[in-house]
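Below you'll find the structure, written out as structure tokens, and then a few comments.
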Amino acid sequence: MDPSLHQALKTGIAPLHEYFLQGSILDASKEYLIHRLRGLCDHADSQPEQFNDHEMVFMLSGQQQAPFTVHLRHSLLAPECWHLRYVGVAEMGDKTRQTLVRTCLDVGVSETIIKFLNEMGFRMEYEFVARGIFFHKGIMKVTVTKMFKMNQVNDTKSLEPVSASHLVEVSVVASTSQEQIGEDMKNFAEQLKPLVLLEKVDHRKLQPVTSQTNT
Amino acid sequence: MGVVCVYMYPVPEGKSGQQVVDSMQRQLELLGAVKTGNFNVDCETYLSNNPQGTPQRSLHLLHNSEQPASCFSVLDTGTTLVADVLFEVLMAKLTQSKSGKDGFYQQRKGFKIESKGPRFEISDFVIKIGSVSMASNFKGILVEVEYCPCAIPAECWDLMREMMQSFMGTVADTPPAIVKSKKDQFYTPADTINQYLEHFTNFRKATVASQQPR
Amino acid sequence: MSEQNQTESILQAIHLTQKLRSSVAKVFQNMADGCSVEKGNEKHILNKFHESLLAVNNDISDLEKTGNMLVSPSPVTANSMYLSNDPAIDKTPVYQQILQAYKWSNKISDLSGLAANVLEAQNKLKRSQPITIMQAKRPKRLPPTGHAFPQTVVEQTLNRLRKLPEISDIKTTHPLGSHAVLQITLGSVLKAQVALRGLMIEWVNVRGYTEENPDDSKLELWAKSRYEVFQKVTESCTAASLYFYTPHNAEFAINLFMKWFTQYRTLFSAKCSKCCNHYLNGLPPTWRDLATYEPYHDACRQ
């Protein structure tokens, strides 16, 4: 690796850790949450940003090695935007840690990426469409997302909602040595309390359920 | 981003690479060129440790100091990916060997090749004279000329040819193959990288060929 | 206590409240009406006042009594106490409305300040007109008409110009009301911003096809091109717009200018008519002759 890049990773210029909390809200109560978020987050005077992304999950598996997964997001609103993301396993940590933490790597890529990944040996595992609204407050990112199943491979038109609720996620991407971010996030989550409970969700416990919805 | 042509400039026998670079630099300065720093294009190669049955892939990872926030990856199938420089970290994760097991890819040691040297500007032209070295052995000279205001090769090729011939002579008689194939399309930074990769591959082949007789 | 009884006492309480209100009203009515007090008659008035106050007092004590009889209405339904905590407040877009109101009040104070300035300037009493004796003696000149074209005429002229084969696109915007600003794209060679005043050319700025606007949604009239070629072309265009300028026949002028301007379609591929080369001093031929449209290098022009 390039020594200057190595340096950047070490000093935290290139952030590699994502701190996050997750929760969900029923579709019927979404409006309440949106209004509250608009009041709490930055740029309350402009319309919140919408997104509509097609996410594909690619996996590289070998015989000896543990499988390696990457998430590819393609914006359906701005079709020239492709975004590749690697996320590690979410760590619960102990009681003192306020949020879930996982390593992550965000890379903007060109539109040749699908062909490139396939030729590198990756295979697509599953795909879905995520549609929603995005807020930010300082370095905190808040997304309210509706997940859709795709009825046919690579067809982003015929969709079916996965559930009757929205996924709410608060996340911050930062370098490792910034544990106090968790405190800020917890405080923010506290303000949404009666509407959404944002918590550390243990993904290992969810595993059997998610694998069912994926297939 | 304009149109870029990269040429291999032959080093005459009995002359060192540095001498050729120096004389070309003097010539450019006479033409009114101003030195505006240095440049660097490098290339590393990775090979896949694929399970049996699938062909082994090689992946070239290139950087160009002109686009410092990007890295370019080219597979041997010709597919080119332009990505943020962080893509390299992803590549590092793929090459990592965990608990004694090999990663998905491995870096080909001693195969790093780069072209670096001074960068000049004449009006809207950018000229770069690069000395190519592999494992700190000098391999040859690559000259890159870019005409920034225009992005369509067919429009400005004649203008570029006249400019290039004024200091390179007959080396620049015909456009490089990649430029030729994209005459009426928009030229992109990925095309420049592919030109460099082609030259790098040639240099590497020449090295292997010259080593074999021994 | 029976239901019936309860209702009755509530009714009574309401009735008593009404009574109290009327007696209080009477007191104030009396006081408000006022009266002329005759000597010796003060006693009478005071008595009358005293009486009405007593009536108020009685009414109050009656009401209190019935009030005490009333027990708080039997079993309170559990949820009704939350009626006042209706979270619907979250549903009302308070934040946006407050912000909007704040913005408006700011705007109003700004604009009223401006309006005050304008009005002050206009309302100055001018007691004398500046006398212009010289004007009468000069031969009368026609005022220029180039700026006074309605938008429809401008649009028609532009539609005619759009048909020129070299021009890929003319985008019109009206950033400050009536006058148009054009964004002309010539092949995939260059983009020019032309500010019009009516049909008169006020300002020309040329940038490369690939040079991005810092903000694509906004018009960028003033930013100069990064490249020397387009800076030279901008200079030539400014010179040409002056050369073709005819104050009384602006439509003719803009046609001539555009015809000349489209010659830049071959900016990078044309040879200089004098030295028969493309390249000179780092530049292609950046000048086009105003009459013959032939390309020349800046240095080969004379």
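Just so it is clear, A, B and C label the chains in written order, and each chain counts residues from 1 on its own.
Here is the rule we use: a residue touches a chain if its C-beta (ideal position, glycine included) is under 8 Å from a C-beta of that chain, and two chains touch if they have at least 3 such contacts.
These numbers come from a predicted model, not from an experiment.
Participant: Could you pull out the chain whose C-alpha mean position is farthest off from that of subunit C?
Facilitator: Greatest centre separation from subunit C goes to chain B.
Participant: Report which of A-B and A-C is connected by more C-beta pairs in contact.
Facilitator: By number of C-beta pairs in contact, A-B is the larger.
Participant: In whole angstrom, how far does the Cα centroid of subunit B sit from the Cα centroid of subunit C?
Facilitator: Here subunit B and subunit C have centroids separated by 52 Å.
Participant: From the mean C-alpha coordinate of subunit A to that of subunit B, what's the distance rounded to whole Å?
Facilitator: Distance between chain centres, rounded to whole Å: 37 Å.
Participant: How many angstrom between the C-alpha centroids of subunit C and subunit A?
Facilitator: The mean C-alpha positions of subunit A and subunit C differ by 39 Å.
Participant: Contact residues on subunit B for subunit A in the complex?
Facilitator: Subunit B reaches subunit A through residues 48-51, 54, 57, 59, 63, 73, 75, 77, 79-90, 92-94, 98, 101-104, 190.
Participant: Could you list, by residue number, the parts of subunit A that touch subunit B in their complex?
Facilitator: Those residues of subunit A that touch subunit B are 1-2, 5, 9, 14, 16, 60, 62-66, 68, 70, 84, 86, 105-110, 112-113, 115-116, 119-121.
Participant: What residues of subunit A sit close enough to touch subunit C in their complex?
Facilitator: 31-32, 35-36, 38-39, 44-45, 194-195
Participant: Write out the stretch or stretches of subunit B touching subunit C in their complex.
Facilitator: Subunit B reaches subunit C through residues 1-2, 32, 122-125, 148-152, 154-156, 158-159, 162-163, 166, 186.
Participant: Going by the contact rule at the top, pick out the subunit C residues touching subunit B in the complex.
Facilitator: 188-189, 208-210, 225-230, 268-269, 271, 277-279, 281-284
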